[in-house]
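In the two complexes below, chain A is the common chain; its partner is chain B in one and chain C in the other.
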Partner chain A sequence: MTDPTGVRSPKAARTKDRAATAVLAAIVFAIVVMLVVVVGHVVASGAGKLVDLSFLSGKPEQFKAGGGIGPEIFNSFYLLLLTLLISLPISLLAAVFLTQYLPEGPVARVAKTAIETLSSLPSIVVGLFGMLAFVLSAGWGFSILSGALALTMFNLPILVRVIQQALEAVPRTQRDAALALGLTRWEATTMILIPVAMPAIVTGVIISAGRVFGEAAALIYTAGQSAPTLDFLNFDLSSTSCPWNVMRPAETLAVHIWKINSEGVVPDLSAVSAGTAAVLMVCILAFNVIARLVGRALERRMTAA
Partner chain B sequence: MSDAGNGVVLSARDVSVSYGTHLALQPSSIDFAAGSVTALIGPSGCGKSTFLRCLNLMNREIRGCTIEGRVIYHGQDVNTPDVDSYALRRQVGMVFQQPNPFPKSIYENVAFAPRRHGMASRSELDALVERSLRAAALWDETKDKLFASAMALSGGQQQRLCIARALALDPDVVIMDEPCSALDPIATFSIEDTISDMASRGICVIIVTHNMEQAARVSDRCAFFLLGELVEQGPTNELFSTPKDNRLEDYLTGRFG
Partner chain C sequence: MALSTTSKRRLERRGQFISGLAVLLVVVLVCTLIFMVCSRGIATFTRDGVPLGSFLTGRTWNPHQSNELGQPTVGALPMVLGSFGVTLLSCAFSLPFALGASIFVVEVAPTFGRKFFRPLVELLTGIPSVVFGVIGLTMVVPWTRSWAGGTGYGILSSSIVLALMIFPTMMSLTADALSAVPDSYRDGSYGLGCTRWQTVCHVVLPTALPGILTATIMGMARAFGEALAVQMVIGNAAQMPSSLLTPASTLTSIITTSMGNEAMGTVYNDVLWSLALILLIMSMAFILLVHLVGRKGSSND
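Now for the complex of A and B:
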């Protein structure tokens, strides 16, 4: 092949480009296939239970077949809600502080390192710490409160990162515009930056909610492994059958899967496990889809309303 | 008003800017009069935008940036720690290089800041929005879609909305940082008309531009910056026809920049 100008032959470049495209497409395809196989397998094995109302609303059995996961579903959502209630305001303020008030300097570096370290803690370590701190030292026992606090530790660094990125993605010019109109930094942040970042914040929060929802290790030793029967007409907050009582133990879907597989004795153990896994999977997929839809809807409302 | 004679609204006295230890702007002094347009010219990186951002203390928002010297607004030095830079910015409006409307409705873009600063009456706000949009020559195009998103406007319209937004606070100084550099010629002429219009209503307009024709078209006075130094200032026609400093002459004849 002669190339008098010294420029690489376009044909060779084209071949390379095509090869690269093919490799990249194959990798993407492989990832999608993995996801479809995992989700498909889990949902298919639990499909029967997924549409079985008595399974979805019934209480779990200790020894006989036919137990349900009603309390576990409620516990999972209730724990998620409490975790978000605690971790959202903290992480929002932390992210605002780190992006708007102190983006650099020694304090910011320490804070950023702390957040990164916290986010890389194995969740079982968070769980064991939660047992020591909340269950034993604070004396709250295996309770929703202990579980929500452990989940907060697990969720906080993720949320701070997500919100920080969302705020950093807002063009600087928006902040300048607000400040040039005589707004204070706080007003610029709360009235311009956070609303502009809202689609990304909401998307990030819902996706992190999916992770919290499926977390097991951090909860085994904090929220506990028992699911008291819940009576939704009981509003006595000190009773273990009152659903809203934050001091009662609360086994979640993910913990339930772990428990029946490790120490379950019910005869229909594998069916219950598969059904629970399918419910969990569907919920998490729903979180992801909802995150995209809500984010896109907010974005559209903001830019073209 | 406590103007220091011949309508001077704003002056800089030995204003210098440094980022950390780097001196970005050498001490510069200049007066700006009501109803006049002053153009700050010079090649990229010459300090003209840095200087401009001292006039509403925007540089204070940049970490490690310090403004020395006096920025005198109606006879009062505002470059002191006890002056609320947020209050100053309601009097000294600013328009940026890139149109930066908020992702809100056209109406809300204009009404937002006045409402924050205490204007609550709906009818007052309605009148203010109309007045401001008219002043920025945007009313006719937007009066039927005031509640549509500002993001749907063209670049030129967005920039005029940013001018309307600044005018809604009834400033007596408006500073503009290359307001037309992202716009096409037609939108540029329309902004230039608005600039002349603002000056004729008594507003002191200060505009940074790298476009010499634009400086010649819109400004009464000109200040030439080079390498962080205010080299020469004076009436625009004098500066352009008989520059005193060789560096300005070189710049005008296109030898650099």
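Now for the complex of A and C:
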């Protein structure tokens, strides 16, 4: 009879166990080092630009050195805001329907398959669809509106899943108690479930916001690759220099990084690229930290009450 | 708050209707997307008369020229091979690390994993793909150039960048799969006198295998569909990949670089949509695979 574990003596087994633990620890150590080196490299190589106000507020240059990323920073946040305004209500309602009204059955299966398909689509395919549907068919051109809708397609499945999980994590007894007291499902959802699930929802939304903020592939053919100079005193919504005009093209930070690296001719290309990447990284890290803090603060308020 | 029964019922019906509408909207959007990409993607075959076989197996990519049969030379094999090459290679790079780290944080040091390592890895999930592209350009490409020679641009560099990118996805899902193995299994194994490593190899890993497979497939799906990070470091030469170190291209990289230059309705543009259609079909195939693995995993229990 052979030993199924392939180890002859307890002593050999113990040695092997120690060796395996050491190898695993080495792997984890290597990963941590790699992570720190990679993230540190991105932030460190752009650190000079990170505190350079003329870079953060200046306008990008096409051919000369010294360009800034002011409009790109604004565009990124504006696009994010619009995307959340569109995708949040839709995904909240969809998640409510899927968890409260129709958790099972053929219709739920179709909806879940659709959402899963959408979440697995490469973002470049979402961008191409956005170009076809919003830029060309609807005739909106390369615009913030087209970009925000493409980002909505990208963001919807993430948000629906996050909110669904948050709602499902609420103890069933709470819902049952609300229904037993004579509340309708809609009342139970809006007055009990959503408030209880709020910390998880907010955390999830902020984390998904970070992903939207850094997305580029879905935007290069929808929001476009040009950043018109913005004039913050211009409130003429049809002018391309009006920051709030949703029909103007808008290059974001992520798209800017891609564009200067693939087509850029400015002499200080690597510095601008590193600076923009550092700004983007800091924003994403901030989103993560804020998500955790807000989630924890809300949690404390809800449970203390 | 006290509403009359009729207005309560009206509110309830309205809420159900609106939330149902939101779900319907999502479903319609997805169907529209699939329909539009398909209808553009098949134009190469229906309108431009390119046989499907020669599209998938052709080795020359030059949509501006026609071959001796008068058909445009649109062999997509270089890009298909490039895409599969970077996907498999990046998975091969990432999987040992993901598996090793998951075993460590689940079996060896759970507190370290929960408090420190997994939040750190989650942070990595949020890094935008263009930033991975920049990391590729400023770190991986020079490194490959000095260690392996060549220009530094190519499948090897892209795979390393993608391996970094998909690591968080694969590691999180793998760790979840290991955590889902019931502790009673471990206790049984320890009770029989097995060491931790024996327990991991003979009890935990076999039980978690479907979950680990799912994690791998999800990582592959992400690598296959990634556009910009790959496009920035692969060199974008639409030729048959001859080695890991020469510039190559993937489906996504060619779409990204060419879509903006070719007018709608031209053969070149049609073929790019066909490449997008391959991406769409592949991403659905990955989901299907995940479901098959999941079903097999649950039937084994």
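Here, the second predicted complex is superposed on the first by the 269 of 305 C-alpha atoms of A that agree within 3 Å, B and C clash if a C-alpha of one lies under 4 Å from a C-alpha of the other, contacts with A are read in each partner's own complex, and residues count from 1 in each chain.
Keep this in mind: a residue touches a chain if its C-beta (ideal position, glycine included) is under 8 Å from a C-beta of that chain, and two chains touch if they have at least 3 such contacts.
Given the structure is predicted, the values throughout are model-derived calculations rather than measurements.
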For this session: Identify the partner contact of A:Gln174: answer first if only chain B is touched, second if only chain C is, both if each is, neither if none is.
Result: first
Original post:
Between chain B (first) and chain C (second), which does A:Met302 come into contact with in this model arrangement: first, second, both, or neither?
Top reply: first
The chain contacting more residues of chain A, comparing chain B with chain C, is C
Tell me the contact category for A:His41 with respect to chain B and chain C: first, second, both or neither.
second
Look at A:Pro103 in the shared chain and tell me whether it touches chain B only, chain C only, both, or neither; answer first, second, both or neither.
first
Query: Looking at the overlay, does A:Val196 come into contact with chain B only (first), chain C only (second), both, or neither?
result: first
* Asked: Which holds for A:Glu187: it touches chain B only (first), chain C only (second), both, or neither?
  -> both
| said: One more residue to check, A:Ala286. First (chain B), second (chain C), both or neither? | reply: neither
Residue overlap on chain A between the chain B interface and the chain C interface 184-185, 187
Residue positions on chain B within touch of chain A in the complex are 56, 58, 61, 63, 86-90, 93-94, 96, 98, 100-105, 112-113, 116-117, 148-149, 151-152, 162, 165-166, 169
Contacts from chain C onto chain A in the complex sit at residues 8-9, 11-12, 14-16, 18-23, 25-27, 29-34, 36-37, 40, 96-97, 100-101, 103-105, 108, 117, 120-124, 126-131, 133-135, 137-139, 164, 167, 193-198, 200-202, 221, 224-228, 231-232, 252, 255-257, 259-260, 264, 273, 276, 279-280, 283-284, 286-287
Note: in the complex, chain A contacts chain B through residues 103-104, 171, 173-174, 176-185, 187, 191-192, 195-196, 302-305
In the complex, the residues of chain A that touch chain C are 4-5, 7, 10, 13-14, 16-17, 20-21, 23-25, 27-28, 30-32, 34-35, 38-39, 41-42, 45, 89-94, 96-98, 100-102, 110-111, 114-118, 120-126, 128-129, 131-133, 136, 153, 156, 160, 184-187, 189-190, 207, 210-211, 213-217, 220-221, 225, 254-255, 257-258, 261-262, 270, 273-274, 277, 280-281, 284-285, 287-288
